[in-house]
Structures are given as structure tokens and as C-alpha cells.
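What follows is a short report on a single structure.
Per-chain residue numbering starts at 1, and chain names A, B, C and D are given in the order in which the chains are listed.
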């Protein structure tokens, strides 16, 4: 449909091609559904293989059995996970929306088989191999793969993503925090020692599709709860990518009674007094080439309704100019820019397509 | 259990006493929580024993571990189910908010031990012993207990409830349907052969607290689904109590994205043309002595907000006077009049208290 | 508006062209937002004019002031309603998501100016000119335009839509009822005199964006209410399109505590006994060429989650084969197939594009 | 029902009486409904006068027209506001759930007439008379009444409340913040100059019942938005009661898509390192005599579900012992302890009843 030209998007190494053939493994979860929804209307991608990592049985099934919304969209059945079969099929890219342990196990095989991978799990996000035992309760065995993996926020690292074999797609909370803080920290405008507080609120799909009492409808509805104080798994990911020490950043997630969306409210002190227009200017400049980041003008703030069912990250500000206390508000769809949308954005960069292709 | 005075409430047989000592078994579910909430502020009842039928372990625990709302309300711990212990304690009444199979098993023991029981499960609701295999997937072994059990809608059967040893507390859907249809059917005003349709919509607590994919927050939120068409378990209960044949009544439940409340919309044809004021008059007369049933005047209709967190059943009407097509709308809180509220109302009747004691 | 090639889509009269230039009037409402969301990613359409019919002031404003979700998507401002300006701009099609009275007033001017119109209001849906005073509280002055207007359900009337100057885009409830009943009624399989009951449940966006107490958040949330019994405005629209008499069909809408989606449960008697596979076969055959209608196989039923944020109409069945009592369940997104999606589908048909273009 | 003895609750000045006669003015709002719900089952209070300050007309009406939940509970009609009539009736206490401007106007008249008042508006909360123009957009004319008014958090000021003629019932957000911070600030354990951040999330009833676009169902549902950054009206109330300077405390409210409940997450630094048990001990000691404050043990945190439809304030903690960073989580029902529940608690104290009477 679109005429293909030399890469507009990412680094010079990025190859170019007409239609990217994609395998989606872990298709029965929420991120899987979102990936399929995006890929099925992507003008330059095609889903050629669907697999489920679940233990729901050994037989292939139509994906609409899992996602009624997708009824009639895929003729190919969803197969049980089978790495050999993926290798034989030889897609251009494999999306993994699988449990951390599953990704940990099969990514090395896929890479060895010559495939490129976007992994939506956390299995290759943390550079510190020893951290997995602490944060994810499994021993990580693939230090070299960890070293090779590129943490995939295209706005911050497009050239490396373009040539990556393995992109570790970021967590939803980290995406909302990192995109909001990166310009300020990069500019050195934050009084880091005064401490940064990120108070995040997320919809329930961020916690996955496995039924638990914690996510039982009447336990979430008409409720709000904080959890994981001082010890949420996504915290080390933020510290790593923002180059902060544990004492610099407090991160508190809350579970919202909504299906999708994250709003993060960040509190910090500027290292010197500035006016709000400077802050806005910094962000507009930093994200000038980022088609999926939207900066809000003074007096307006992002909200979840503005990003739900979109692939955008929205960022806004309020500043007490007399004291230098700054509040950042960022909003994303946890399944969009916080998961599947960013994964497709990474794919776009990897294959030389404009970042936003199929995402607007 | 102390002084007995003359009955104030229900049938003449009903004894009366100052404080009813109650055991609540199945305290960790939603109906259990509601029972405790009602009983703790009931002026003439006291909870003396809490038990859980779950397999959560063998140790006693504070009930707030299960229901944060009850923190600080009970000094007594919640014990693992132990029938012997209940018999020894000898409460005046035992509330069972247990699975059907558990109730089926322990009710005979409790009765034999001389205790009176209000069973919120379905284990003793259907008079047809053979029906349990079909509708509840277990063989029922206690035909005599079934025969003795009184189906507990106090507005329809207070005298028998007053002297009952075992009250089978009705299902939530049946309560909303039976209370709405009883006056009309009793008066012979319904063209039964034209068929009655009851289209019910219920909040998610009606399905219990066990986590399942079907009740996972993102599967219920922003959704509505019909289920159990032509074959929901509560249908035979309605037929039995309304003395209808299967062909007379269609019942369709739907799962609403709310925590509590049922709205039932019932469609029928009158056996002869009437004006709306006659219908309203019939209902006001039928429920004149019923403190927990509210009849809505012409032009207004019950809604869930009017009954949630109350123990009322609200009933309203719309009539096409020219054709005799009548629409009934009834609303209850599925945990209130549809479960725990009705159970306490039954207790009140059993112990000679005014029906509404502790329920307004 | 450029090159014309041979029609690919609908009727033979339908012209074809590369990019359809569209004006959207009433852009600040929910249907307006949805229209813009669909058109901005439609491969063969372009929004060239945005107008608001509101009284919010006289100045043009960026559409994201009204719809945060659309931030960054439109460079053109939203102008105050000005028919002259639309006529001068000369778009290929004008979408009206305006109040009934506004549409009633401006449609004749637009047609006279040579423009084609898809009107999402009810102003030209009812053929009976005198009905407007009763159902919509205004006198209708344009009988000839009414006569010319084509009621726009593409699955049922594509050829006339293809050549229409004015398409009256159906109401959301009628779409859910008409699509579900049309095949059966068309086949003569319904015992009409036994009566048909359509019990519909709709999300709150169906009631528009104007704040009222009835739609105030705490009045809708955790609630369900029936309204408009025997007298909802959408009922005559259903009767007209299904060729039924008032006594044949009862329609009861309910307001759900969700943002978008309609589920309709329809109860009827077959005119003779049939098996479920016959019903399913009839529907599959009737909608064989309809890309936006999905028929559910026996044992599965549509639910709102399957259609929300899609442009599909989903239809399923449950049949009591022994009595011929049939329950139809249909689901649509009230803003999708129930409003904006259907409007774009009508545009597609009018301009010779495949019906589903830009809608999957 | 309860035997009345000499005051158990508040100060020695508190009178004692059998049944407190209460007038509720502003009965049609959400706080009004909650007041009526609490008072109607209060064992020592009776509602003798209902009035609406609205402009809904001049006639008396049954309160169930405004609150379906209260159908059948009040025989007395709701009258249009008429101060003379209140003075003549001479209730023991007048609850005002009226707009700020209305309270401002009528409180002096009520006091002059010899009545005692609990005002749920903000009209007499701020001691600084000149602050009203800035924060509430009206000039305050009654400096002496302001000076006399007692800010009504019974846990902090029972003796003065006991003898007050006018209690200024606190705002919902301030209640959640002040109760959480008071013990720590009182003990001098907070490093105030490091700054305190209170990130609050509230259900929609906190914003009142007047329909606005901001509170229109589809604008709140599935959304979360921050508002009033650095300039919410409740902020000066917190500063005043906690004796803090503007630079000491940042307060950010967010609008949750739920009906009732506030969760506040507070971030601060301790003035010296402590262990969590010390913090918990401090709170248990501080609130030892407070029947409506519940302190959560280490490892558990309050959530909205635990307080909704209750009159409790729940407080919990997480501490990074190595850095002295403390997170407080407090939860209340904004209509309960955040409004009507606290108002009734104040009434209890004013009339020598145990604080929790009618509130458990």
C-alpha cells in the first residue's frame, strides 16, 4: 500500500522491506491481543504465526476463542509454543508476550536460529544478571544475551534498536517514568539529591490475564490500592535506564479500577529556578522528532482518556516557579506505548519503517 | 439465649429472645462478609463463632485478613470449619455461606445436633431430590431434610419460616423474580401461556469470590454478557416457587460490570386488560405488611442505585394499557435482599423479631 | 476529488475516487470524535473541514481542546458552524453529528448546494413527517427531503445508499435490533403475533456529551436503570425499518455503567419448530457478503468486550428447539457500528469503496 | 434503646440528652443523602427537618425524589430553605450540607437564633478571613464567627468540639491528609524542610452532585486525571491545621473513576532514622482512644475497599529504614469520615455521646 523508500526512521543500518513477517508468541494474553490488533492493520507487517505459551492444551485453536474481538481477523490458528516450528517458519521478527521464564528460555534459541526478537517480558531488560534472582525469582543463565539486548525505547535509542537482534521491550511503568524524566535528567536540571517521587496509577490489564483474587472484579472495582512500596520489579529498570541510585527515586504503583492506562505523577526539585516555558521548551526540543510523544502546553495536563487505545505518551507539567518544585504528569496506555504499541514501534525501527507506521 | 417473651414478629410459634447467638460458616466469601456486617450492628444478635470452609489452611486467622472492611470489628478469630466445635458452642442459629456441597454435607449434622440453620447455598432449595445431579452436579442424599427445609422468602412464607429448623435461603436472581411475579400470579392476572420473560442483570459479587478468568477484572469491566440461556441453575428454583412449567418462563441472566445489585426486567401479558393503578394497588395490598419491599408509583422505576447497600426489594411497573403488555422492573442488592439481608430477615422471623430488625 | 475508476464496491451507480474529502460538523461530541478517529486513519478519506454546532463561542479552536485523544492529529481548526463556508469548501461528503434540530435545518441547504450528506442525527430517519412532533418535539418542514433520504444500513440497502444524496444514519439501538431481526423476519420465520421483546443495554456515550444529572458520574456508576419503557424514540425507527406494528415489538433500553457498547437480548417465537443450525445457516447466508457482521457459532454468544472499539455487529443465538423460543443476542459499539463506524461505512458505499475500508 | 449515662465521650461541658433532634439543610446532595442515611439509623438522633437549598422550585417534595435509596425512610417532606422555619422548629443541631456561599450567609442567623451548627461547607474552615476571596471567590463578612468556629476533627480536638456552637466540618482531602500526618508532626519526627508530598485520589462524589462536563460519566469512567496542582482549595486548610508553610507541603488531587473513597499516598523524610515499629507504635498510641481510626500493621496497607461505606479512617506505612524515607497511606470514604460520618461524629461529641455512636 505505501510506497517503500529508503529508511526514514531509524539508523542507517536499518534494512528495508515490503512486508515484515511477524510471529506472535504468547498471543492469548492482553499484550498479545493488542499486538495482533495493531499488526493486523499495519500496512507493512503481516502475522504469519500465532502461538500460545499457555498450558491450555496441546491443540491449535482459533484466536477468537481467546479474544472475541479478533473474531474473523485471522485465518491462521494459534498453535502451542514450539520453537522448532518458529525457526522453520523463519519470520522476520518474533514478538514474545510470554512469561519472563519462557522468554528467558527461548530467546537464545531464537537468536541462534537467526531470528530477530522483540521480547515484551522482563527477561532481558536488566543488565545486572544477578538481579533476576532478587526481582524475578529465577536465575538468569544468559549473560551474553543480556549484554547484547537493547532496551527498547525508540525515542531514546533508535540507532541501536535499528540494528538490534534482540530488543527488550520496556515495562509499562518504566516507560511512563523514563520518558517523563529523561529530558530533565539529560539536561542536568534536576536536584537529584532532593529525591524524586514517581506515584503511578495503572489499569488492571497491566497485571496480566491470569486470574487471581487480587484481580478478581469485585476486589478491583470501586477500589484503589498501593502495592510494592519500595520494592516493585519495575523500579530497578527505571534506575538502570535513568542512571539513578536507589536513594534517588521512590516509585509507588497503584492499581486503578480501569482496564487500560497509566498516569504517573512525578515530584522533583529543579537544580535551579526556571520558568515553566523553559521546561516546556526543553521537552519540545528533546522530543521534536518523536511522533508518539506529545507535550502538553502550560495549563493543560495529560489524562488517561487522552491516551487509552492510542500509542502515544503524553507529558505535561506544573511548576511552582518560586520554589522550583516541579510536577510532571505522564500518561500512556499500558497496553499501547507501555507494551504492544512500543513493541511495534521497535519493529518499525528495526525494519527501517517510520516509527509511527501503523500506530496512528 | 435468655429470656423469652411474647412474639412480636412473625408467626405465633416463633419464640422471642433478647440476643440471638449466631455462628457464621463460610465467613470469607462475599455473602459471609455481608452477614457479618449486618450482624455486628444488629441490636438483637451477636456473632459468637466464625468459620471458613476454605482450604486456605488449618489455622485460625483474624477476619480482617479476608475482609479489610471488618478490621477491628471482631475479636473472635475465624476458625477452620469444624462441625463438632459448632455443636459444642451451641449457637441459636448457624448461617451457612458455604459451597453447595459443603452445606449438603453438614446441614444434617447441625440439625441432628439440635441447631437451627439458615443455609445460603442451594443445597436445600429444590424439592426435587433428583434435580441436584442435573443442576448442581452432585447427588443429593438427604431427601427428608429437603422435605423439611423451608424456602425462605419471609414476605411469602413467614409462618413456616418462624418455626423452621432449616431455612433454605433463596438465590439472588430468584428473589428478584419471585417477589416481582408473586402478587400477579397469585391473583391469576397473568396470561401464562403467552410466556413470561425475565431478563436479569447482576453485579459480579453474585458469582462469588473464587477467581476465574470469567470474573477477572478486565473481562468484566466495560463489558456485559448474557450467560446460561435456557439453563441457569436458578431457573428451576423460580419455577418451583412460582408453580410454573418450564415453558412458561424464560430466564436470562447477564453479568454487569458493577460490584453489587440486580435489576430484573420482566415481560408478560395480563390475562385481561387493566389500568396501571390496579396493578399498583394489587402490589401495595400484597406487600402491605412487608417492611422490606417498596412499590414504586406510576412513572418511576427502581434502579440499582436505590437498593445497593440496602436490604430492600424495589418493584415498579410500566403497562401498555391498550394491549395488556406489562413490564415489571425489580431491583435488589444481590448481597442484601438477595443473600445476607434475607438470611438475617429469616433469622429475625425465626426468633420472633420484627422482620426488618437490624436491616434498615 | 480526482480520478475516477471503475466501481469496486457497492452498486453500479457508485462512483469511485481516490480520496474522499469530508467535512465533519458536530465535531465536539462523542460521535464526532469517533468520526475523526476513523477518518484520520482512513486510507481513502481526508477531513478537510471541522465545525462545531455548539454555542461554546464564535472562535475556531484546536479540536484537542475538545478531544484530548486527537491532540496532534489535525492541523485544521474546528470552526463554528457556517453552512456557507461548507458550501464554498465543497467537500465530497458532509457528516453531520449535530442535534436533530440543527440537522433538520441545514441538510436541505447542503443538498441544495450540491453536497452529499451522511446525517447521524434522527432528523431524516422517520418517513412519517408528522412523527417528529411526537417523538422529537419539533415540526418537520421538509417532507421531500425525508422522502429522498435513504436509511443507511449498508448490509440491507447498499444499492440505494450508493447513489443517495442523503443518508440518514441509523440510531444505535435500532442498528442492534434491526440487524439481529432482519434475516428472520425477511425469511418469515417469526411468529410475529406472539410478540417480540428487545431488551437493550447501552453504554453512556449513547446519550451524548451534554452534562445532565442523569449522566452525572455517580448516578450512572454502579447502577443500571431502565428508561423510556413503551416510548423510546428509537422504537418507531425499528418498526419502520422492520415493517412491524407497534403491538409486535416491545423495546426497553437500559443505561449501563460503561462508556461504549450495546448488548441487545431479543426474545421471540419461531413460526415453526427448527433446529439451531438452521438459524445459524440463515444468518450466515443472509450476511455472507457483509464484512462487518459476525455470526457466532452455537454455544458462543457476543458480548460487549468483543465489539467495543470495533466497527462490527456481532450476532448469536440460543434456541429452545422443543418450543421454538429463540433468543438473539446482538452486540455493537454504539459509537462504532451504532454511529460513526456505520457513517463511514455508508460513505464507503457512496463513494464506491469496499464497505469495510478503514474500518478494520 | 441505649441506656444513657453521663458523657463518656468528649469534654465535661458536653450536655447529655436522650434523642438529638437534627435538621439537615442541603439534603439533596450526596453529603446530605449520607447524613440522612446515618441519622435515620442513629440510636440517639432523629431528623426533624429536611431542607434543600437548591433552586429546584418552591415546593416541598419527598426526599426519595432526590435519593431513591431513601424511599420509605422519611415521612417528613424536604422543604425549600427557610431559616425562619428552622429557628422556629428549634432543632438541637443543624447540619448544613449547603454551598459555601449559602452556609456563609445563614450560619450567623442560625447561631444568633441559639442553634448549634455543623457546617459541611468550607465557609468557616479557614481562620484567615481574607483567604476566602482567593480560594472560594467570595468576600467573607463574618470574622467573629470565623474566630469562634471549631475545625471539627474529633480525634484532634474533641474538648473544643464538645462545647462548640459552630463546628466547621473538614474537607474530605484534608481529613485524609491531616489524620495521617498529625501524629508524626506532633512528635516532631518529620524533616519538614525536605518537603512533604501528598498525592490524593478521590472518588467522584467528592466533587458534588451538580452536573458538569468534567463529571459527565464518559469523562470520568476509565479515566484518571490530576487537577488543581499547587492550587487546590483544600491545601490552605491542611496548612492551617498542620501548622505548615506553603513550601512545606505539595498536595495533588486526582479524580478516580469510582463513586466514593479517597486514598492518599504521602511521601516524607523522617528527621532521624527510625524503625517501622516505632512509627506504628507512635500512631497506635496517638489514636489509642480514637474508635474511628484504624492503624494497619507492618506489611499491610489501607485500600479504598476497606473504608468505602464505613466511617473509618485507615492509616498504614512503608518505611525505607536505611534512608528514613516514609510513605504513609491513608484511606477514608469521602462521604463518610470525609464528610457526613465526621459530621455525625462531631454531633456525637457535641451532645456527649460516644464518638462512634451510630457510625459502626
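Just so it is clear, a residue touches a chain if its C-beta (ideal position, glycine included) is under 8 Å from a C-beta of that chain, and two chains touch if they have at least 3 such contacts.
Remember, it's a predicted structure, so these values are computed and weren't measured experimentally.
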## Note on the structure
Quick note, more Cb pairs in contact for B-D or A-B? It is A-B
### Query
Which chain's C-alpha centroid is most distant from that of chain C?
D
### Message
Report the inter-centroid distance (CA atoms only) between chain A and chain D in whole Å.
### Response
41
### Query
Taking each chain's centre as the mean of its CA atoms, how far is chain A from chain B in angstrom?
47
### Task
Report the inter-chain centroid distance for chain B and chain D in whole angstrom, where each centroid is the mean of the CA atoms.
36
### Task
Specify, in ascending order, the residues of chain D that touch 2 or more different other chains.
203, 219, 221-222, 257-260, 303, 305, 308
#### Entry: chain D-facing residues of chain C, complex
30, 203-205, 209, 211-213, 215-222, 257-260
### Task
Spell out the residues on chain A that touch chain D in their complex, using ranges where they run on.
194-195, 197, 199, 201, 203, 219, 221-227, 229-230, 247, 250, 252, 254, 256-261, 263, 265, 267, 269, 301, 303-305, 308, 318, 320, 323, 325, 327, 329
### Task
Enumerate the contact residues on chain B facing chain D in the complex.
40-41, 43, 68-69, 71-73, 222, 294, 296, 302-303, 305-310, 312, 314, 360
